[in-house]
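Okay, structure first, notes after.
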Amino acid sequence: MSESWSGFSYIVTNLARFVRPQEVTFSGVNSTLPMLACLMAKRAYDFEFTFINVAGGVDPQPSMIPISSSDPVLAERSTAIFANEDFYDLCTRGRMDLCFLGAAQIDGLGRTNVSSIGDWHAPKVRLPGGGGGAVMLPTARRACTWRTEHSTRTLVEKLDFVTAAGGLAGVVTPIAVFIKRDDKLALASWHPEVTLEEVKARTGFDFDATGATPTPLPTQEEIDALRSLDPTGQFERDAKVKLH
Amino acid sequence: MSESWSGFSYIVTNLARFVRPQEVTFSGVNSTLPMLACLMAKRAYDFEFTFINVAGGVDPQPSMIPISSSDPVLAERSTAIFANEDFYDLCTRGRMDLCFLGAAQIDGLGRTNVSSIGDWHAPKVRLPGGGGGAVMLPTARRACTWRTEHSTRTLVEKLDFVTAAGGLAGVVTPIAVFIKRDDKLALASWHPEVTLEEVKARTGFDFDATGATPTPLPTQEEIDALRSLDPTGQFERDAKVKLH
Amino acid sequence: MSTTTSKKQLSISDLAALVPDGASLALGGSFLHRGPFALVRELIRQGRKDLEIIKQSPGYDIDLLCRAGAVRRTRAGIVAMEGNFGLAPWYRKAVEQQQIELEEHACATLTAGLRASAFGVPFQPVGGVHGSALVELNGWKALDDPYGQGEPTYVIPAIKPDFAVLHVNEVSPDGDVRVYGTSHWDRIMTRAADKVIVVAERVASEESFRTQPELTLVPHFMTTAYAIVPGGAWPGSCWPEYEVDYPAVTAYLEDAPGVLDAHLDAAPEARETEAAHV
Amino acid sequence: MSTTTSKKQLSISDLAALVPDGASLALGGSFLHRGPFALVRELIRQGRKDLEIIKQSPGYDIDLLCRAGAVRRTRAGIVAMEGNFGLAPWYRKAVEQQQIELEEHACATLTAGLRASAFGVPFQPVGGVHGSALVELNGWKALDDPYGQGEPTYVIPAIKPDFAVLHVNEVSPDGDVRVYGTSHWDRIMTRAADKVIVVAERVASEESFRTQPELTLVPHFMTTAYAIVPGGAWPGSCWPEYEVDYPAVTAYLEDAPGVLDAHLDAAPEARETEAAHV
């Protein structure tokens, strides 16, 4: 562990910590950080799990780490091609243990907006849209998301549009980890370099913080794994994550 | 053309004559005679059509002619595997031009029974069952069947059970060819060695015979094709077709 | 992944032991072709009872199970020995004498029920069926198109087998599955069932799967366990390994004392076990 | 079959000419990966208008078509350039300024609509969706389970594109199609659409297809016509042939006069035509 824990490393590492032994874990499009988290979990943790992804890969052996999280290299030397229809069906029939889904806005019930900022019919910003969320979030056993910015713009009291409901099991930002408790997002831990008060001030919804503590620092295995995935720091620079 | 046209050759040849240029034609399980008809059409007729079958074959090049019409050799050197879900969907979405389906009893509306002789709940004979018929007969563009016995037992006034409705486009027996006209079976032609009166006497339902004629004799190409498919006459012996 | 390997590979008898009395089994293959017959025979040897058999086109398998008295209920599209063998005699007798319950389907309606399970929905629309007496028999419901575009459409309730049981050409050490030629309805069965168990002709290297992942029908994480039984689809075919053993089917169909036991003893998995004990 | 061959192979411009103004197109691939981009560019060169674009995850393709003013409506799940390129700027502008109509889907609801067409039924149940505002937006209906087992389930109306347009690795002379790596949603698009048109990296021999028929994604009888354009998925990837051309995407995204034309002229199919004219 270096002198400080970067927001980039904080997000990737804490997403990786949602991965559990023997489970099926999925990462999708527009999801570079979850992709790195899944690959980190394969390298850092001493247990087996199945990593499937939107490129059709099943426990692939990619020859490089791609910029695009849907890059076909993520199916390189896969043992099977598990294409889009297949992994969506796996999810809707209740067999997707953990999936990572993108979000622009998140509310206190763990619902997401990926559709529009402002009115859907006359949007200020047209966002990417429904994607996996509306179907996967309510049907995956656990769905997690992340934001590279922790602010009242991203963690909101009220979504501009409810693209997906069903309740996130986890949310990771540069400074905090939320989990689901009583069908709401509750704080699990916060970045050791910020305070609980700062997390509250920068979050648009109220949350329960019972039992929350500073997040345990990354282990040497986690640090080594991320360094091996991003040896030049290019992913970290591209992600432009800021703690403050 | 030999001295007489056997019932076996009559059925296979007249089934083959339902095949049309550029169409997709399917043969299924328990369907040795349609299988031979499709292979005959490939050899005897100077036009292209796509032959798909229940073994997943698409215009295969089988190294032998199998006893079982679902034998995997029927997908040998196929250009694609078009498995069961795929060909059923092709049919239900209206893209199956011609399919051959089995039947135990046929009524004058071109409906079929493949379920039971006698009451379904206490059958005298439990037949193979629904199979392709209930879904394919109403959704294929044309569905044809055949019987190796032409009698009031097989061509009936009233089915013991209506397994499949929708109306057959064609029925071939050892002595007659029926086609669909005004949503009923009408006689198209009869075996040149029997009479129209015999066909009527041996058929359990009334039918229109307007325009019906003796069936045109097999061409040399049809005769040669069938001989090449059954050089030892084994298929003909196994089929046990009798004219009378 | 090497650690998972040994856990998933079982003997045929241990594989069969995963299936309890009363279980519902979707059996792969079609008629005499690439059916999980070694597993079916092993269930009979172990005296399994009250099974529910789900298959669009069973034949030898359902006949054998009926002959052994192992079946409570079957949900099937078309049942026959096929080839020149005609009807399946012990199955026929079991239905005619009402010893087993039959849910008669069109093949595509059974597939629709499996699709509903695979897709995680309670019912699945199916084309056709209109005018068939199977509708009333099974109590299938037609739903109006809520968008007002199509005709009323029949929907089939979800069918969720406890096990999908396949016979396949190759399995990886970790349980990835590959078949050659048609996959019949094996694919949808593996997506609909609670568990997937597999009998394979042989193990192929993980490397060979990584070289052509497009050929994998079932990824390893869906496979609960497998056994290796070369020739296990006997007396049926397994393309391109072997053809139907017609004399063996003829011998099986003889209705005489001792025929069933002799048939079971002649099977590859029985001979293998015997050989192993010598 | 050799006679059919020449009939199905067309130049990329003749292939594009099959698509009339106002047609609905399901485009294969996903984001920057294995999209039928040569065909999309050719439609723009030919001045096609009022197209309906159907794709779970369009990006470069829909952006280019919006930039050229060729789109009337899109039905999509998620739209982005992906990688580090973020949103699709000309698509975004077209929606924000209400120049095109958007039917926003979850990817799986679009797939459900395609499945309904592929299965020949008017509607298709889909898992999830509960609680999403997309339901009201699109007027999706929930149906009760007529068998009383499951929860009310949303059904999606059939989506039937006029054309499925794929970019693939290999095509046989007669139009059989093979792809390596993931097939994305290409398979269901080909089963849902009225016609299938294909751009391939190369022709592979009929013999190679007959040797491994299990790898064929689309059988020849479903393919209306195809063109051969090596590199045609540029600036995207086509596994395992080539990776994304990131500098070309960056250049495309520049908002300046002449950029669109320069981009179209730099495409492989344009350079090939030019070379042919020299």
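In this document, chain identifiers A, B, C and D correspond to the written order of the chains, with residue numbering beginning at 1 in each.
FYI, a residue touches a chain if its C-beta (ideal position, glycine included) is under 8 Å from a C-beta of that chain, and two chains touch if they have at least 3 such contacts.
If you're wondering where the values come from, they're calculated on a predicted model, not measured in any experiment.
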{"item": "For subunit D, the least number of touch steps when starting out from subunit C", "value": "1"}
{"item": "Of all other chains, the one whose Cα centre sits farthest from subunit D", "value": "B"}
{"item": "Approximate Å spacing (C-alpha centroids) for the pair subunit A, subunit B", "value": "58"}
{"item": "Chain centre separation (subunit B, subunit C; CA means) in Å", "value": "28"}
{"item": "Subunit A and subunit C: spacing of chain centres that average the CA atoms, whole Å", "value": "40"}
{"item": "Shared-contact residues (touching 2 or more other chains) in subunit A", "value": "56, 75, 81, 91-93, 139"}
{"item": "Sequence positions of subunit D contacting 2 or more other chains", "value": "119-121, 126-127, 181, 214"}
{"item": "Every chain pair in contact, whichever chains are involved", "value": "A-C, A-D, B-C, B-D, C-D"}
{"item": "Residues of subunit B touching subunit C in the complex", "value": "29-30, 32, 54-57, 67-73, 75, 81, 83-85, 88, 91-93, 111, 114-115, 120, 122-139, 161-166, 238"}
{"item": "Residues of subunit C that touch subunit D when the two form their complex", "value": "116, 119-127, 141, 143, 145-147, 149-151, 153, 155, 157-158, 179-181, 212, 214-215"}
{"item": "Residue ranges of subunit D touching subunit B (in the complex, touch as defined)", "value": "1, 3-4, 117-121, 172, 174, 176, 191, 206, 209-211, 213-214, 216, 218-221"}
{"item": "Subunit C to subunit B touching residues, read off their complex", "value": "30-34, 56-57, 76-80, 82-84, 87, 91-92, 95-96, 98, 102, 104-109, 111, 126-134, 137, 181-185, 187-188, 237, 239-240, 243-244, 246"}
{"item": "Residues of subunit B that touch subunit D when the two form their complex", "value": "24, 48, 50, 52, 56, 58-59, 61, 75, 77-82, 86, 89-94, 139"}
